[in-house]
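Order as written gives the chain letters A, B, C and D; numbering starts at 1 within each chain.
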Amino acid sequence: MKVQVFAKLKDYFDKEFQLNANIQNAEALKEHLIRSNPAAAGILERCRFAVNDEFVDTHFQITENDTIFIIPPSSGG
Amino acid sequence: MTPSLLSHQAAVDNVFPVSEQPLDIAGLLAGTHHPRAGAIVLFSGEVRNHSNGKAVQYLEYEAHSSMASAMILKIIAEARSRWDLNIALAQHRLGKVAIGESAVVVITASAHRSEAYAANRFIIDRIKHEVPIWKCEYFIDGTSEWGGNCNCHTITGDTGKHVYD
Amino acid sequence: MTPSLLSHQAAVDNVFPVSEQPLDIAGLLAGTHHPRAGAIVLFSGEVRNHSNGKAVQYLEYEAHSSMASAMILKIIAEARSRWDLNIALAQHRLGKVAIGESAVVVITASAHRSEAYAANRFIIDRIKHEVPIWKCEYFIDGTSEWGGNCNCHTITGDTGKHVYD
Amino acid sequence: MKVQVFAKLKDYFDKEFQLNANIQNAEALKEHLIRSNPAAAGILERCRFAVNDEFVDTHFQITENDTIFIIPPSSGG
């Protein structure tokens, strides 16, 4: 899968990266990322996940060709 | 309907919900006269020179653009379904924004003013809490910070649930 | 404070509360950027093409001008005392006003949006209910009517007491 | 005293006129005008009075040099 992150998450991860680990769903992706960079746990716990311009819940089944966007809390306006 | 009104209307309908260019607030407002609208309300969110006591030099907005655009259009559609609006548009600036410039504009028009105010407030509240747009504040002292996050989840216990005061 | 900001500020401070000329909404809005204001709200009350089912050709506004001006300034001062506003102005058109033109504009600016919305609504509600300005509707069919009077007294029992919903 | 009227009142009275009757206060002025033109009673009952750009109550003592403005319900905006 491809992962794309935004805003403060870029302090912890590349803006875009490929993950080939066996990750089933969005929750597992979050846990994987926290293990790979524990300092990002705080912000990751407050993020949502999106696929194809729609939010998905943490049980969303990720397939190999998906691009997962990790969405921190909004601060627009 | 006069030709000039038609072109105004077309101009307004083509407003893209996010823009890398400075927002043309006067132009958008000029395009929002409507013969059935008795009340027009415009909100402009502008960049302040201070944030949490620190002097701000400028802001930079980042977005998941396609998702942000789709969500803003959906929020506008929801506002139109709740209130009888002649006009409803919103546009958020992306990239570097200077002090006193507009970061976001919302324009609503309706026959009576209650609807125009309520819908306007609804749209900006939803945009600020839900749409994937983030601001980074660059301070005079050279530091910067991703700031002003919605933290409704500390009240609602759910990153997908918001409180709009 | 930059020179251009100073001149804008001066322009805004000199806005006369009633005007026989078309209201320059874009110009007023351009003058209301303020480095401390994060939120600007503009209300424009515009002439509709229908009133109570009749096709309107134009309106004409009459006022007790000096009293209307004094009252609008007093209402703005009261808004400033209630909310922390960087900018507060209002201007009402007098004389003949065409469909789609603005009859009244109110602009408020504050650090946060709640105040700007609340103060804006407060000012327009007070103007519409209390200030000695009257509209006469001229219909397509050649008739005319002094219309849309505040009739709060039927609820409050006092011509000096109003209900602002 | 001088009297000035606005809006719909102009259907019943001249825009400005002089009154030399012995009228003590605003309430008496209203009654005088209703007697002189009973058709205006409805609108007059809904009007307020102003002197020197300020509303005055119905007990306001009118002096000879005052200009009394009769103010129908507002319909601005």
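In this text, a residue touches a chain if its C-beta (ideal position, glycine included) is under 8 Å from a C-beta of that chain, and two chains touch if they have at least 3 such contacts.
What you are looking at is a predicted structure, and each value in this text was computed from that prediction instead of being measured.
Centroids of chain B and chain C (each the mean of its C-alpha atoms) stand 23 Å apart.
Once the centre of each chain is set as its mean CA position, chain A and chain D turn out to be 73 Å apart. Rounded to whole angstrom units, the spacing between the C-alpha centres of chain B and chain D is 49. Rounded to a whole number, the gap between the C-alpha centres of chain A and chain B is 26 angstrom. Of all residues in chain B, those touching 2 or more other chains are 45, 124, listed in ascending order.
Contact with two or more other chains is made by no residue of chain A. The touch graph of these protein chains is an open line. Inter-chain contacts occur between A-B, B-C, C-D. Of all residues in chain B, those touching chain A in their complex are 45, 61-64, 66-68, 70, 92, 103-104, 124, 127-136, 146-151, 153, 159-160. The touching residues of chain C, when paired with chain B in their complex, are 5, 25-26, 29-30, 33-50, 99-101, 111, 113-114, 116-117, 120-121, 124, 165. Residues 4, 6-8, 46-48, 50, 53-55, 69, 71-77 of chain A are the ones that touch chain B when the two sit in their complex.
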